[in-house]
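Lettered A, B and C in written order, each chain numbered from 1.
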Amino acid sequence: MAARKLAPLGPNGGAEDSLAKTNAFFRKKTLVLFAMVVAFFVINGVSGAFVEFDFVSAAVDVPAGIVWMLSEFAPSASSLEYLDSIMPALGSTILASVASSCIAAVFSFILAVLGSRSVGIGGPMALIVRAIASIFRNIPVVAWALVLLFSFKQSEFTGFLALFLTSFGYLTRCFLETIDEMSTGPIEALRATGATYFQIVVQAVIPMSVTSVISWVLYMIETNIRDATLVGILTGTGIGFVFDVYYKSFRYDVAGLTLVTIVIVVIACETLSNYIRRRIM
Amino acid sequence: MSEAGNSPARRTRSGKLRVHVMHKADAALWVVVGALVAVTVFAMVIMDYGKVNFFDACVAALGDFWEMMSTPGLAGHFTAEDVIVGLFESLALAALTTFIGAVIAFVFGLFAAVNLSNKAASNVIKILMSIFRAVPTILWVLVFSVAIGLGPEAAVAGLLFHSIAYLVKAYSEAFEEIDPGTLEALRASGARWWQIVFQAVIPAKTNELLSWTFIRFEINFVNAVAVGAVAGAGGIGYQLFLAGSFYLNLHEVGLIVYLCLAVAVVLEIIATQLRKRFIVQQ
Amino acid sequence: MTDKGNLLEVRGLTKCYKGDVKALDNVSIDVRRGEFVTIIGASGAGKSTLLRCINRLIEPTTGTVAFDGREMTTLGKHDLRLARQRISMIFQHYNLVYRMTAIENVLHGRLGYKSTLAGALGLYSEDEKALAFKVLDQVGLSDFAYTRTDQLSGGQKQRVGIARALVQEPLLMLCDEPIASLDPKSSRTVMERLRWVADELNIACLVNLHQVDFALEFSDRIIGLAKGKKVFEGTPDEVNEEVVHEVYGDIDIEGLPGDRMVPTIVQADVAGGTAGASSTGVA
């Protein structure tokens, strides 16, 4: 709970005292803040000029755009007929998200245990695992989708694979952090009793990390449902494809309905995850 | 805790000593694991695997992946300059999104922090943010590109929503960690709300806020590449999309992937260091 | 109580870390069966390193460790595992798996005896389970067998740690700052339990402590470490101000032989307040 004190702020009661003492510090701090504000405008200006971003028109257009969006994308009565085509796609997207997260979690966990600094097998493994995690995580999902599309063609499985590969990289990194942050005491204790490596993993590492692991998997499922839209547009599968079809054929009301169903699913998923997290502690 | 524990040594039905008892949390855990496994198996069984031969496709995909990663290069569709400019365009989109998002999120964050605001305002903002977050980024961008026309404004506007939702959560949680004693002392000395914010909240949390902002910049770059590809919002993502699905050239895809990878890895390393140094979790 | 020969003979033990920092410098100690030996010393003196070199949680640089007539430092992976069966260890931070119940944690002490698979799956024999309940009763926690260990108090957690050590049927118990995180009352309970282990079960105890008064009260013999070197060895009676000065340097410590009659609990803060942090720092 105790957040590290990042600035010399007076603790309880000593507010006046420490304020007086740190007046000079705050003058310096003000300068730093000023420099940051300048840097902020410079970077924004340069970036804006580079991509020809018009701040004024953005400020005017975006609110207007939101209003336009709310009216155009509002699901109409006639769009409800399309629920029949939306629901199966939504279902398959949810299933693919869960499956890709869970299967990726199994591989990620094994890799993370082997590569962790505290319970890993040591040597170059720690570096190799980190490199694998970083590569899989940081290759754009767009690139995965495009490459997979070459050989696996347009099918649900292609979308699943693209989600699986990014989840694998992401979860490996999260699990590595979880395991490394874990207290090493019980592992040392079991080592001292003469337990073998595999015994230590099953009897200590898994029980100690299981809540975080489940928590990350739930988060990954939620993220994958959202990312499945992007992957779906690229690979022509799932809810993303359905949205894309109606969007491109200017049936904005149906596209809006699709959007609403996604929002409902994601929020439900988030709520359920939070509930589960509390229960499994 | 009370001295009332469980009675010693229970036995199983077969008369053996019982060592494992199922606590509530364990039971919940097994239910969750069981459900996840069941859904996964069900999903894999009913999944549409397409018409391709699985084994052949795997071999082909690995071959393509290898070709992409081992022989990156230009093939005449883009010049080196195009790609570099594209990369900087994506970076610029990410920077604009991050900065504008940070300003908006800072204001929302103050009102979302329960110790600086009130319960009602905090809840309203939190609900609004979870709706922002629930709509996939790519859909925000697609919607805005018809609402205000294709261009950097639509891309930034679309990327903004998730950026704001993320930063509001990060900022407000940082604010909520502020020592209540400090706030009490300042309130007791008659400081106004904005004085408290500028004299206590910002100075104490500057590093943490900046760290979160940078971490979001990393995520925004990844997102900028993705929306560039799908929504045609420009940048290196769009070039990646052209190379992959229009020119069908794996060498160019490889080159662009390496560029994105390099930037993302550098950003990731910086973000990890910032997180370690300035953000103390729990 | 018959065999009082040396159970443990440590000779010339040296541990160098990178940069030639000597955490341990040519330390030799003997421990007899059933003997209660305390190691005192300031934080960073090498106490934790010494204990961990004995069961090779840390590999010593040079020196020999003979345990029960067997040389530890040259053992291969398999033989080391067998040797560790009879050396148990308890820790300052208890090192329990908190998600599991007390009895499951106690049974972890049997893992060294079991095949990899049986141990991993937690398939213990009826005898082992009965023994686990017995030792849990011996430390006074039989009512808490099925309680998750994160629900126990600090003193209770440490007693689960002792039970886990006892279920190994050890000849030697290594205790690394067993009471450094406990309040005075729990500290006394834990120390009394350890003394009982030595007296009644004839298990030798090698205990790192920073509370000099507890060391004086409970030990058969006291060893002083300073900067990795052994600077004192003798009975509690032989500990005087000079000795303490040599072990701890220029630090005033209460509860020395002079005012031994006052059984106050010394939290020798300078020496021990950071013992946990520094022992991990060195180790």
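Here, a contact is a pair of C-beta atoms (placed from the backbone, for glycine too) under 8 Å apart; a residue touches a chain by one contact, two chains touch by 3 or more.
Values in this document were obtained by computation on a predicted structure and should not be read as measured data.
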item: Reference subunit A; chain at largest CA-centroid distance; value: C
item: Contact-richer chain pair [A-B vs B-C]; value: A-B
item: Distance from the mean Cα position of subunit C to that of subunit B, given in whole angstrom; value: 46
item: Intercentroid distance (Cα basis), subunit B paired with subunit A, Å; value: 4
item: Set of subunit C residues in contact with two or more other chains; value: 99, 122
item: In subunit B, residues with contacts to at least two other chains; value: 25
item: Subunit A residues counted as touching two or more neighbouring chains; value: 210-211
item: In the complex, subunit A residues that touch subunit C; value: 183, 185-186, 188-196, 198-199, 201-204, 207-208, 210-211
item: Subunit B partner contacts - residues on subunit A that touch it in the complex; value: 1-7, 9-16, 19, 26, 29, 33, 40, 43-44, 46-48, 50-54, 57-58, 61-62, 64-66, 68-69, 72-73, 92, 95-96, 98-99, 102-103, 134-135, 137-143, 146-158, 160, 210-211, 214, 217, 226-227, 229-230, 233-234, 240, 243, 247, 252, 259, 262-263, 266-267, 270, 276, 279-281
item: Footprint of subunit C on subunit B - complex, ascending; value: 1, 3-10, 16-17, 19-21, 23, 25
item: Of subunit B, residues touching subunit A in the complex; value: 24-25, 28-29, 32-33, 36-37, 39-40, 42-44, 46-52, 56-58, 60-61, 64-65, 68, 88-89, 91-93, 95-96, 99-100, 130-131, 133-139, 142-144, 146-149, 151-154, 156-157, 177, 179, 181-182, 184-186, 189, 199-200, 202-208, 222, 225-226, 229-230, 234-235, 237, 240-241, 244-245, 248, 250, 253, 256-257, 260-261, 264-265, 268, 278, 280, 282
item: Subunit C to subunit B touching residues, read off their complex; value: 99, 101, 103-104, 107, 122, 124, 126, 129-130, 132-133, 137, 142-148, 151-153
